[in-house]
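For reference, chains read A, B, C, D and E in written order, and residue numbers begin at 1 within each chain.
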């Protein structure tokens, strides 16, 4: 992975990530999030996680964010009008976030492995789908099925929630 | 060369952004999006660690990626439920602003 | 009032729709094949081939002013067509025929006679109402122009389309 | 990464892009001719011999039209959207093998190991072009088209994904070149029994594979907004749908995107079910560059036939109603595709190695 | 004999029903009063009845008298009628006691059919080119009472066509049905006996007496009363078919008589003005001078946009700018430095707003331009301002309207007056030179036409003519009458009252008047004569509100001042504009119109 591409996609991810938070318009936020996810997917692929990268695009960009956009448009959410900003709360939230960032960074700095580069792989273009599948169905079979049940429950819940009250 | 730390820092910044979004934004749907940002920041760390731990067979440690797979699945379910809740809320209150939803607040 | 259209209840076999879809595809493919092989009679190649031979006698094309055998423009600017015209396409400015003229006893003639062919709906009311048998709907239908002004038929153009009409009542003759 | 790889890749990309754009413009022409023939008309036959220069004339016409932006539109997204509609459709073709090899170079731009996932992932981004365009126009009908489009694409992506799983159960790999290789060895998936007539398992396998093909094909119709699923741009209801407010080149881009998506869809169908560039009796490119070229020609011929089917269906079937469309997607194709997976899995589990 | 009724009443049976009518009623009028229409051509209620068209033939009868000279009663207790064997004309017959009339018997119908057939024998079938078509009695009765086919195969009699019997009237003898209405009008109403019949039988033609011409000021009334298209207005001839005309009821503003009129317009072009019957004002007539005095509304020199003076030049401006500029000018000067010259041609509403303007500015110097000409005994009044009495009522000045004008002119000349507001008048009527006007620091002109004074103005406000606005006027006899809007003003010109309202608001920012009805309501509160009225209550025929006899006689000194102002106008005649000429002398204006009609419209 060339450093140039890494920084390119990292900055893409971060800039659009910031845009998500800063944009007053929900549609613009959602689109920024899509762009951010695309960058993130590229970062995943730079870590030889092709399957995860593609799943990221397929699930997040292709489905989840379309759902977001759909809901935003359906509810006709407009740009946030300027309300009275509670400066104390805003400063507090921002402060907490900064403290969190500093804390994590301190941890990373003191983490020895963080200074090492990634070791090379034996076969760079390995079929990671097959490997993940192996692991998923062998080692993590139970959690996988639990997840399936969870998704089923979520589906039923969503159907129930979005049904209009019969009048 | 790019080190593990670089990925971790990117992940940390992304996580903090999501966190700040959750803290500062007042629109529920944007809060939900910021939440996704945080989850994905965690995913990035997981994948980075997975790639960092190369096993004896010369392959990455796929446990981390399996975990990311789970996270993505759960996140998709979470978004579906979250948005359904949001729509239900909007139907009841005609708003998605958290400041307007204060029935449990003194 | 709402009309409830009775819908037939379909059997489960019919509800597969696949046979009917296949039948539909077969029909369209048959048409495709026939046209491709030149077996079907296709649309007319319009500018080269024209309708003219097929137009019925009662076809209503562009309205036009006619002259009679004596060379007189039959319109006397009575403006009845202007009055009756549903889309108000006709505009007439009447004038007086000078005393020395061959047709001076008709007294009145259209100084300007414009039909806006963008407005004209080819209804034929002008022809119906005309007391002088001066305006007729001819068979011209390809009325084209590059500007809106082009599409306004002036008196000269109308007379050109109309030409000379034989067999009309000669009302303004000497007997009158 | 050596220079040879980069140069051949760039060459492949350029040529493929050119071919796709050429095919798009002539697909529009073909659409008009096919529709005309089906309706006993002639279609465009004035510009050039048999109207073959019509696409060029159309292009100039669209280029010279006034590029109009509604005053209340969201200008940035309004301009961005047509690009978003075209890009995914064209990017997708990168992973599709359009030939065997030519001078030892594999005729695929990027032979990634998650090939079909890539196709789905990128083509699922195509919905953004439509949704953003409809939303940014700030107009009633485009917006309705956008809403319909997003719901429709989400619904049919499921069937699309599930319908191809049988293919990969058989191949055991997501790589599209592997799919083609498997079909060369074991017969095309649409008719696996060809060449192995006496094997009852292959006959049994043909049933779920044909179902899989039908579901996939129908889902592609829905994904590319082709009739009978063109609800996002239903002229009679939505006055053109998401592209109502667009004109000139922006409109042309939408048009381009729609046809590029159709071509890509056809290419994927050909690759997954019709053996890609393979035709029985024709050896692949390792046996000489002539065969390599023939392979490419075979592939594009197959694509053209599938495109014809797209058009044929469009001018035959009427449009579905919105609720029918959604019910069909969720309550019919989704289940069929699921059951189909179990069928194939069962055959694989209890049958001999196929 | 006090018990006897003033007018003797007679019992008359019409179509089997008995009615009572006063003595002297003509049978045709009696029929009309009970709603039975008898067709007629020669009869006109304002004229004598010669009975020469025979269209009004009816069956008539008298009660059978018994030996005792009393009517014999039938079994139903009603008198038995002795019907005359031949039909009678009902226009020349006055009602008498016991007379009976049948208007729809088979005999009557047969007579009507016969008369129509005879009338149509020589009448050309040239309705398509006849201007009367659409309001032609011959056309109408031919449909109602005639037959649908002609049995006449012989050649029709040829007669002179397009004869100019007068400067404004064209005669087509072939169409004439010899009803003699026009002849009688000239004799009885206009007192100018110029028309008559010559030759006999089928060859009888109408003509002007040798050496005479139908050129009196009422000649166009003959066109109105001609039941067919024989007499047509040379001015209106071949211009527009009558069925296109939108008819707006209005009044003539050319003199103080205020004849009621109908203005015929199509697509904002006035094609003709015809009198409207009002027995209290103008009967059925109006003079040619007033009738044709509308063409200046379409003149070339109409003011079409507001203009303001900027860097010494008049430049076009939009309305708010022009009004703002005018208000600014007026606010700069002291009340004693401003003079307002209003017009006797303005409506009451406009005059009231002018008075408000004057009072809000504190202006005392305000008057109108007096305007006089030769009157006649018929309709034309000596006072050529249509609303002098309105000025009297609303401006409420002590002196007679117009008496102060010369004083204002002198004040302008001496420089006492620095701002002059001229409303709907030519400033040249003040007798000032163009240079003297140009010297004024502020000259605000609201007018219809461009003239020498508007070119020197600092603000020009284009206004509406009489046919383009609504409003009310008080005529010379004290009758309040209403103007209605027939056309839209050309260009950017605006309704006068709106201009004045905006100007008023620009000066004192006062309360808003949203419609002309609001203005009238305010007049109602301030002027006692208007009490209880509204624009709609005035009605089409007007309301008498002012007793002229009770007005104080004009003071001799005022009279002298007015005469002086008239003299100034007369002196200006060598330099006046066309419009002024039109108002100055009817005869001249009519000649001018006769010349103008050969020129193309617009």
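The criterion applied here is as follows: contacts are C-beta pairs under 8 Å (C-beta built on N, C-alpha and C of every residue); 3 or more make two chains touch, one makes a residue touch a chain.
Every value quoted in this text rests on a predicted model; they were computed, and no experiment measured them.
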Connected chain clusters in the absence of subunit A: B | C, D, E
item: Both-way neighbours, i.e. chains that touch subunit B and touch subunit A; value: none
item: Core chain by centroid distance, with centroids computed from Cα atoms only; value: C
item: Between subunit A and subunit C, centroid-to-centroid distance (C-alpha), Å; value: 67
item: Rounded Å distance between subunit B and subunit D, as computed from the means of their C-alpha atoms; value: 33
item: Between subunit C and subunit D, centroid-to-centroid distance (C-alpha), Å; value: 48
item: Pairwise touch network: line, ring, star, complete, or other; value: line
item: Chains touching one another, given as label pairs in label order; value: A-B, A-D, C-D, C-E
item: Contacting residues of subunit D [partner subunit A, same complex]; value: 77, 112-114, 117-118, 120-122, 124-125, 127-128, 131-132, 135, 143, 146-147, 150-151, 153-154, 157, 172-174
item: Complex interface listing, subunit C residues touching subunit E; value: 76-80, 82-83, 94-96, 99, 105-108, 131-132, 171, 175-176
item: In the complex with subunit B, residue positions of subunit A that touch it; value: 1, 3, 6, 10, 13-14, 17-18, 20-21, 26, 29-30, 33, 36-37, 40, 43-44, 47-49, 51-52, 55-56, 59-60, 63-64, 67-68, 71-72, 74-75, 77, 80, 83, 90, 93-94, 96-98, 100-101, 104-105, 108-109, 111, 113-123, 126, 128, 131-132, 135-136, 139-140, 143, 147, 150-151, 154-155, 157-158, 161-162, 164
item: Complex contacts: residues of subunit E adjacent to subunit C; value: 124-129, 133, 155-156, 161-162, 237-241, 243-244
item: Contact set on subunit B toward subunit A in their complex; value: 1-10, 12-21, 23-27, 29-30, 32-34, 36-37, 40, 43-44, 47-48, 50-52, 54, 57-60, 62-63, 65-66, 68-70, 72-81, 83-88, 90-91, 96-97, 99
